[in-house]
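Shared between the two complexes below is subunit A, which has subunit B as its partner in the first and subunit C in the second.
Take a look at the complex of A and B:
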């Protein structure tokens, strides 16, 4: 399959008063056409900054995408486009679903108007056409009585309905890539199940790729084809969803998987990862995970591990692997 | 086993004001006729979607929200009837841990002040003894004694939650309500705090009421679980039994909606239609009937009784009677 989005050595730094925060530090990955890529990691690992960098929505200053970074989308070099060209891509070819359905809709515009906005701008539709298409989109995402809801304001909708409306906006221009930044975190489990099913269904209908950013490993297992695991601004492991869950390699991935309570964990102690995420102003030297790693070796404190290829589309960034002979 | 706490017919209605004279136009039934009990040394999990009344239940039994009706019997005394000083003394035994570790600590006070305050209020001991006690508490929850002079902003989310726990433990309580105590934390930190809760329970012989919307966390920590929907308890059972053989249609749907962290297991979901109805005008009869797959005629008329179907498994559903 062809690569729809390819990111090479992405570095997004924030220049704050206290110092430079390397929120994303040399991240490389790709999204193929028609697949769902999961981006997993704890808060502060740079998942959302990666996503906003792709759309070039990083506030500058204080944020800056460094020169050596490369983002190629559908043959275009995103970082070299003018702002005008970029605007044609946002919401049209790449669209985004945000975490907070409560705050990402404008409270003073009708739902129908908010969906129409993208259609009028990008598809050059007339107001009337756009409104009809909006109603159709609302029906597609499973909102009952779409004609009536299009005429309502966001406050009269529940959280799940708002997230559906957000998805309708995001999909209205048939984007090639949909970035979903924690789309279900603010929702209850039963609503979360509805939204995830809806996204899977729609992905097949409109044949879009999805970049699913989440910290919920259950959501990843249910929706994604491939997964990248991020820690402190770096990709530590990459692989298809089966190998990540059944044969995780990086100690961080292993720790993360072991710390979720399951039906077998009752009465036992959970394997937690000791300590907490490092301060981004003061990253540890060497591998960024070593202070919390239970397999840390002297070399981990000195040098940053390279990305080691373990197989087709399977990489890990850890000194435990790749050394001939002594690798486990 | 001894019952530490027994709640009978607990009700908490919030008035909704409106109209010209700002009169009460309706009531929001946050907790409507809830009964349950907690044994000594047990962990009771409370699950349900947002707005189902789980947090209000937790607060009403501590009388942080004054219940409108019902009894809360703690160690044989109905605490709803206690007044003034007697109630204040009882509060030593019952504590609450909050969800958001960022807003539940006063940013202008040092960690030492925060943890010391309950001791200052409830116990008549001197300053140096108090400081000793605070240091002990900090060590108990996995912090260091030198943290005593620091301010909350210097700590990470997981550490702040530990401070909140130390404060709750300050007066040697018997019973702690944990209201979404691990929900705001990252997975790896969440596991640390869950382990801490379990360690403390063993060490100090605590009883928890563990409120959470995260079902896998509740399953891990609880001995018994009760499920709430729209202010009512719909099912209560031993933890494993509830997950293996849920009886109420709502519990079945709720459990099937949990995403399983195993890509080979595709869960068969029971999809619930629509959203939770507004708690202001709840449906007549069974509260769940508007979203239930098995809704019958009787469900529209009669409120189902909450009954024991054997082995301490309680359900409120008309299906059981058939």
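Take a look at the complex of A and C:
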């Protein structure tokens, strides 16, 4: 499968009054056409900043995508496009769903108008055509009485319904890539599964790729083909979803997996990764994970580990691997 | 909505009653009596004063006088001015239009300038424009309107001779729009300038609040241009708190109109309020007070109704 989106050495820094925050610091990965890539990590690891960087929606100032970064989407060098060319991509070829359905829709415009807007802009539809298509989109995302709901304002919809409406907006122009930034985090557990099922189903229908940003490994297991694990602005491990769950390599990934309850942990105290995410203004020298790592070695404090290729589409960034004799 | 408006109007009745009661008490507590305006204190005899007092009903105790006035109001009889010997209602009627038009034009001017200025300040935060508008608005709140008015008269009427210095019109034969416009522009601008500052600051902070919202990011992620994101998606949301402000600002504008009308010789109610207060012309004071209260109440009712129109989340029952 061809690579739809390829990110190389993405660096997004924020210039704050307290200093430079390297929210994303040299991230490289790709999304293939038709696949779902999971981007996993704790809060503050740079997942959302990576996603917003792809759409070039980083508020500038204070944010800045550094010169050496490269984002290629569908053969286009995204970071070299003009703002006008970029607007033709947003909502049309790449669209995004956000974490907070309660606040992601504009409270003073009707749902139908908010879906129509993208259609009128990108597909050059008339107002009437766009409205009809909006109703059709609402029906597609499983909203009952779509004609009536299109005419409603966001406040009369529940969180799950609003997220469905957001998905309708995102998919209305048949994007090639859908970026979903924690689309189920703010929803009730019962609604979460429905939304994930819906996204899986629609992805196949419109043949889009999905970049699924989440901190919920259950979501990853359910929806993703491949996974990248991020920690403190860097990718620490990459692989297909089975390898990541069956044979995690990086101590951070192992820690993450151990901290979800499973059959084996029944009755036992749940593991957790000790410590907390480092302050981005004061990153530890060497590997960024070593202060919390239970396998830390002296070299981890000195040097940053390289990205080591373990196999086809399988990488890890840790000194435990790839050294002579392979210290496993 | 209709029910809500009726309810608000009914609620206004006790409010107006309390306002008139307090006003009546306060003006009667103020030293000085109206009769000293039309007698010569040197030559007047005690008997004469009592006769005049009786003639105007001023020899009655205060509560009786209040109820006499209130009874008149219920029959739309606002009494007769002590000073001008004319019915108060007729006097107000002649001047109400002048005041309302001055207030309306100044509100329109101040919103037309304050809203775009506030938005530009918020969107281009910490830019030269932002600092310029901030400085202007601080000057606006700091300058006393009567002094600012005099300076404008000095510049535009005396030095440049572009605009008339006082009055509402020169052409008394027919309605001459250009003539009216020339007369209203200076007083309306002075009145607007003072209230513009707070509106601009409110608009700026409201806009700053809105452009950080998630739905603005959603709008951008749809590929909409910055112009549409700001002027369609952000603008309408940022405007909501400003509509409430409109209702709250009306009493201030009315108060400001008193000074501005005096400076510009504007034949409105403001000047009448000043004159009647100095001469203790009780019926005129009470009448103008009642009318200005009604204006303010209507203004805030309009603001509330507009709020419901602009924000679909607001439903009045």
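FYI, the second predicted complex is superposed on the first by the 325 of 328 C-alpha atoms of A that agree within 3 Å, B and C clash if a C-alpha of one lies under 4 Å from a C-alpha of the other, contacts with A are read in each partner's own complex, and residues count from 1 in each chain.
One rule holds for everything that comes next: a residue touches a chain if its C-beta (ideal position, glycine included) is under 8 Å from a C-beta of that chain, and two chains touch if they have at least 3 such contacts.
Source: prediction; values computed, not measured.
Once the two complexes are overlaid through subunit A, subunit B and subunit C fit side by side, free of any clash as defined at the top of the document. When the two complexes are overlaid on their common chain A, residue A:193 makes contact with subunit B while staying clear of subunit C. In the overlay built on the shared chain, the residue A:311 is in contact with neither subunit B nor subunit C.
Residue contacts after overlaying the shared chain place A:222 against subunit B, while subunit C stays out of touching range.
Once the two complexes are laid over each other on the shared chain, residue contacts for A:298 go to neither subunit B nor subunit C.
Judged by the number of subunit A residues each one touches, B leads among subunit B and subunit C. When the shared chain is aligned, subunit C comes close enough to touch A:89, but subunit B does not. Look at A:75: by the touch rule set out above, it reaches neither subunit B nor subunit C.
By the document's definition of touching, of the two partners only subunit C reaches A:100; subunit B does not. In the superposed model, A:118 lies in contact with subunit C only, and not with subunit B. With the two structures overlaid on their shared chain A, subunit B and subunit C come no closer than 6 Å at the level of C-alpha atoms.
Overlap of the subunit B and subunit C contact sets on subunit A: empty, with no shared residue. Chain contact summary for the complex, subunit B toward subunit A: residues 49-50, 156-159, 186-192, 194-195, 198, 213, 215-217, 219-221, 239-240, 243, 253-254, 256-264, 266-267, 269, 271-272, 274-276.
Only residues 42-43, 144, 158, 160-161, 188-194, 196-197, 215-222, 241-242, 245, 255-263, 265-266, 269-274, 276-277 of subunit A touch subunit B when the two sit together in their complex. Put simply, subunit C touches subunit A in their complex at residues 213-215, 217-225, 233, 236-237, 240, 310-313. Residue ranges of subunit A in contact with subunit C, taken from their complex: 55, 57, 87-92, 95-96, 98, 100, 103-109, 117-118, 121-122, 153, 155, 166, 169.
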